[in-house]
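First up is the structure itself, then whatever we jot down about it.
Chain IDs A, B, C, D and E follow the sequence of writing; residue 1 opens each chain.
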């Protein structure tokens, strides 16, 4: 749709101690589009998301938001820009109940006092839209929720706000059939409303069902970012597992050995598990 | 295959305080077969698994193992019977490394001393069989692993041992394409080796691909347990979301209202979120 | 452990004499639980009055709580060893307002309202220690000796009084350059283990040049002696003490400690108990002595006893007094030393 | 008893409108399921009081009841502040001596410098705020574990008290207002008035809340339950005020002693204030969030460092209030004020009440209940007259007894796997 | 320095065979990434020692170096035991007075009852085991929080010490063997012998391990690194023994004072023993597991209750050893043995060394390093001769200083998000 991406990253590097996890990553998310971020386990998807949302500082690289360079040092900076994230590791406060978690950090107030009835009503409405039928009470601690229920709460929490960019890191991993369908529909709806959406998923059917663009990470490097219509299912899988597919992906001279042991792009001394 | 199930449960009830989560559940797992346990989010699948493995005490019901009644009061009892579980919430010790987690509670020793080299070798072999290519070191703390890597470690941990019954609670939720295929293959292989395998999954393709039987939980009640060949994809989805499908499932007189708001089978005062 | 049998007796409803005693702590000195309690009990039992003796464990909140509880329990006379004048005064005033007679035992509550004051003079104790130390240094013939101070707990007001006492003796000698003032440190909580470390560091700091140790009580003295022993300096450096504990007396017999201060607690307890019994019965006794309370500006009727310095020669006096028994002191290797010192 | 309990008790947003019967069933179910709120601490208290009453009938007199409050006040106040720090999973070992420092400042300002009492109180509380800010800064910004920071504080403040006390003497506090705090009582009518205001306020809040929720179609507790709660509070306060208004002087001719001790409304007001902050403001919500999952809180955009610093400030300020009460009770300040067992008792009070040392779980009411347990033990032991060795042992055993009543009544909670 | 450190340093099972160069690069990377093991505590120590040496040259004498060990021994030993309890996320407030009780038992058996020293030592340690079992039982089986149980123990044991001391009198310990523990030194040759044995043993373990791993084709550190480590240990031990074997008597004519203090090999042996238990046995592994994630450990079939009870037993037994050393050093036992700041110093030592109060993270070596920090502070402050108020303040500030060196060198670790 629009020409300038809402979020653009350039040359992101990120290491944990001696281990380099992201190498010179470029990434863009456009408003009104769903960008699927795919990659093998451990490719660095979640790390990239956490760099975007200010949880991890990056070692190098630029962030452009709406075309302007920005620095994001903490999740608060990201939220101020209008970035909402559903993290893979959910990050809910087990000692708080569903409503409390959903409004954490942005409680509704009337004067000084928390406006519990309003929050409860809003939470109930949002959850109802996500096909949650087994939650007994909105005042239940999230520690007593099932895996899928927790995930739904995390998703509901992220879409409650007026944001510009929503990033969902494997949001449907623990969801049932009906709930997954609802979430995918929601993702599409958000994009149609003009938001930029980034969806991380290992499910190729879901990816092809909702995404407009696909970005593939391979061992910490961004190997392709293309229109979904320009690529096939099989090509994406190849990109994920081998880092290249035909003309796409890593340059051949980096000597990738098929889909078994990919060469380590990072110059570190360590390789895969033997 | 064999006529007597390896594990049989009868009339299991389980409440958390005022909330009844399992109602009169019957369930059987046969050796040499993969039994898929399906159900909506919050149906009670994970709770059932935790009752089987002794994490939660049950309020009522019988356990038969190999035809003999048993009582399982703790995970140690379950392990002694040969039951291995991959929990949905993984339960790894973040402060230990991969090898230490995989052998937790069953360390290899030479004399008094831990036999680290042997454990490291065995761990490497098992993980290699699960398509793990991005783990930098087996001596990495699991806290630094990606979601899929953690899940792989938990699966590897459970299949290291000579057990009779392996229960996997959504084992492929966080896994990539290749890893998922490997795990499903592993599941099939375990069953072919004569183990009883229980697989919980929300992915119907996977369920139909590997399972011999399907058991469906609906709001804490077991609504059907049938051969995979006797049921269709659509029927299973109906069982999951509505509790009944044609002749299968809950009796009609309990008045299920289609697939929107299912009636609450538990007699409790609470219902879905409104 | 108490002769209190109050049963259903309602607070203040009858005037059966009953005496409450609050001791300050059990750690700054062994005397409170080891001697005072024993002698007071003896006296009260002999007089056939009810009594309740408690210890505040050095905690002044406790101290006040116990006082409240004693008043609740219906004591008619209250005898306190205050932890500090502030709480002491609060307790005395409260008791007075409830019609309970009061005695300051061993420590005078400044600005307080007690009817009597029975005590050893704590500054006099310090004076004896100072004099004792200079006597021992003179005996050893050390020229311009370096004297180290191992004071009592910095939070204990008595420690301050002791220090005032020995300072009054030693400070002039420091000023006149007859003695040299060495390290001067207080030992938190009278803790013997810390005392050992502190003294060891004093020794390190001065390069071993310490010729006399003014230790505020026998426990601290023993800590210093243990360090001196380690350096094989025991017996060469005189150490003082207080309380005439069996350990202190043994150290004196062995020549490791130069002196200790003996307070005839039995007499003090007896005097106080007599006054308390009289007060509890509603009688008034004359003491013949008074002490001026500098803060309250009133003259308090007082019984003042004098402490006694104990050297090797008169260790036997302490035993003869029944304060400690021969069995406690003359164990093992000390049997011979006892005989040498004329203890039979 | 307070709004805290109430909120816990209200399972909301369930479709069926609950009745009184279902409410009671629900409560029983929750208790059996382990979600028991203040019950264990209350049970422990009841057991303790029964034992002491049997052994020493004088335990059960009006005078002793009144004593309990003033005896436990300082520790309870410090414990209330500690709850905030514990809620984050931090610890403040220096709270005891911080109260000592603040008390020393108070005494110096009012007695040595001769300023009026309110200046002294302000100075003491300001000192508390400064101390808390410093501790919080070191913990949150420099990143030293709170145990180490506050251990350093424990040592340093001990020294500061000594220095303020000129190495070991004590300073009297003779200001009438200050002395009154822990030693005087409210006029009986004033006691009744305050109790009435409290009940009326509670009723207003409850009923408004009820009306508000039902107007929006949210699930509420039945009106009968709401009224039962209000009646319960009225009963408790009524009985307490009645007993405290009995004459308890041993000698009425000399002095008449009756009325609610002044510390009681002070503690009650602070209890309401802090409970309100924790339960009804977003700041309080954020404290729980940071204590439950620091990383989740950070991701939700909460300024974690600010929260961490602020709880230390609250803790040290409450320590200052505790120190003021202690100074008032002792009519003086000495170098041991806030020392000795004060800190361990205060942390113990919070923990006995049900606050977790790992953060995320606890209420200010816990500190008050736990403080009551500690005060009852101290009070009861004071009536027994054991020698000091025996007394220590018995105190330890009694503490254990109270805690095991608590543990047993919490038992089911772990058995069912819920937390 | 010990096998612990070594294991942490060995990243295993990477395909490329590391060279010395890559090893150094890796180490630097890890340090910059925050995985720094003992470095912060060591840095803190270095800074402290430098500061004290500049301010008081007598700090840097052989005699003072020897003093350090005996002064810090008791706290260090108690801290070593506490590490086990802290590893589970529990706390033992009673460890100090437990050591007092054990010391009192020792003194009574050897002095009052007149049994030989080994009977007394056995009795003391047995007392420790009994105490630990009781505490562990109350925590694990009854389910009372360890803070409350050990607070009760803190009170009760204080009383028991008083009772064993007959309400407050000291009991002398004059047995030669017992007094020797904290007051005598090894013969210089014996010191050298032990150091040699230690280095040889370490070398054997390292080289065997290296051979074993390379034989199996597992990744090992380069041989050069292994030798460097062995040489490092040899150097440290060599220098330490050399200094301790210098004459430090103030008057050689009166007495010759040289050699390694006897407590040093005792601490070293216990350090090796407990490090072995924690790092090389499945029991130790289970302790870490329970501390890291109790539920995961339970699911893995670990008997969590047994582990919990056992750590309290270890803690109290080590407290007994600490009590014996304290009694030896003081030549006597008084009612304050194990009281006062002993407990806070011991917990502080463990925490300063890097042990987490939340469980799952810590080593016995931490307690020794932290104990050294505490001992150095105490030792250095003792040389300064401040008045007690100032001394407290400076001690607190110095502690904070050491801890912030630690915090700053750990900084990167949080910045990069790793733990």
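Convention: a residue touches a chain if its C-beta (ideal position, glycine included) is under 8 Å from a C-beta of that chain, and two chains touch if they have at least 3 such contacts.
Here the structure is a predicted model, which is why all the values come from computation and not from measurement.
Asker: Along the shortest chain of touching chains, how many steps lie between subunit A and subunit C?
Answerer: So the least number of steps between the two chains is 2.
Asker: Name the chain whose C-alpha centroid is farthest from the C-alpha centroid of subunit A.
Answerer: C
Asker: Can you check how far apart subunit A and subunit B are, centre to centre, with Cα atoms defining each centre and the answer in Å?
Answerer: Comparing mean C-alpha positions, subunit B is 27 Å from subunit A.
Asker: Distance between subunit B and subunit D based on Cα centroids, please, to the nearest Å.
Answerer: Using C-alpha averages as centres, the distance is 46 Å.
Asker: What's the distance between the Cα centroids of subunit B and subunit C, rounded to whole Å?
Answerer: Result: the chain centres lie 73 Å from each other.
Asker: Residues touching two or more other chains, restricted to subunit B: which are they?
Answerer: Residues 16, 55, 124, 136-138, 144, 270, 272-274 of subunit B touch two or more partner chains.
Asker: Give me the residue numbers in subunit E that touch at least two other chains, ranges are fine.
Answerer: Correct list: 11, 13-14, 162, 167, 387-389, 391, 418.
Asker: Note the residues in subunit C that touch 2 or more other chains, in rising order.
Answerer: 26, 33, 37, 154
Asker: Residues of subunit A touching subunit D in their complex?
Answerer: 53, 55, 74-76, 79, 85, 87, 91-96, 100, 104-107, 109, 112-114, 117, 120-121, 124, 136-139, 141, 143-144
Asker: If we count contacts the way the header does, which residues on subunit E are in touch with subunit C in the complex?
Answerer: Residues 56, 58, 61, 63-64, 67, 71, 74, 111, 114, 162, 166-172, 174, 183, 249-251, 254-255, 257, 326, 329-332, 334-337, 339-342, 378-379, 381-383, 385, 387-389, 391 of subunit E touch subunit C in their complex.
Asker: Per the contact definition, I'd like the list of subunit C residues that touch subunit D in the complex.
Answerer: Subunit C residues touching subunit D: 1-2, 4, 6-8, 11-12, 23, 26, 33, 37, 52-55, 57-62, 64-66, 68-74, 83-87, 89-90, 93-94, 97-100, 111, 154-157, 159-160.
Asker: For subunit E, which residues are in contact with subunit D within the complex?
Answerer: Spelled out, the residues of subunit E in touch with subunit D are 89, 91, 93, 138, 142-145, 147-149, 151-163, 167, 344, 347-348, 351-352, 357-358, 387-397, 399-400, 403-404, 406-408, 410-411, 414.
Asker: What part of subunit C is in contact with subunit E in the complex they form?
Answerer: 26-27, 29-34, 37, 154, 183-186, 188-194, 196-198, 200-202, 204-205, 207-208, 218-219, 222-223, 225-226, 229-233, 245-247, 250, 331-333
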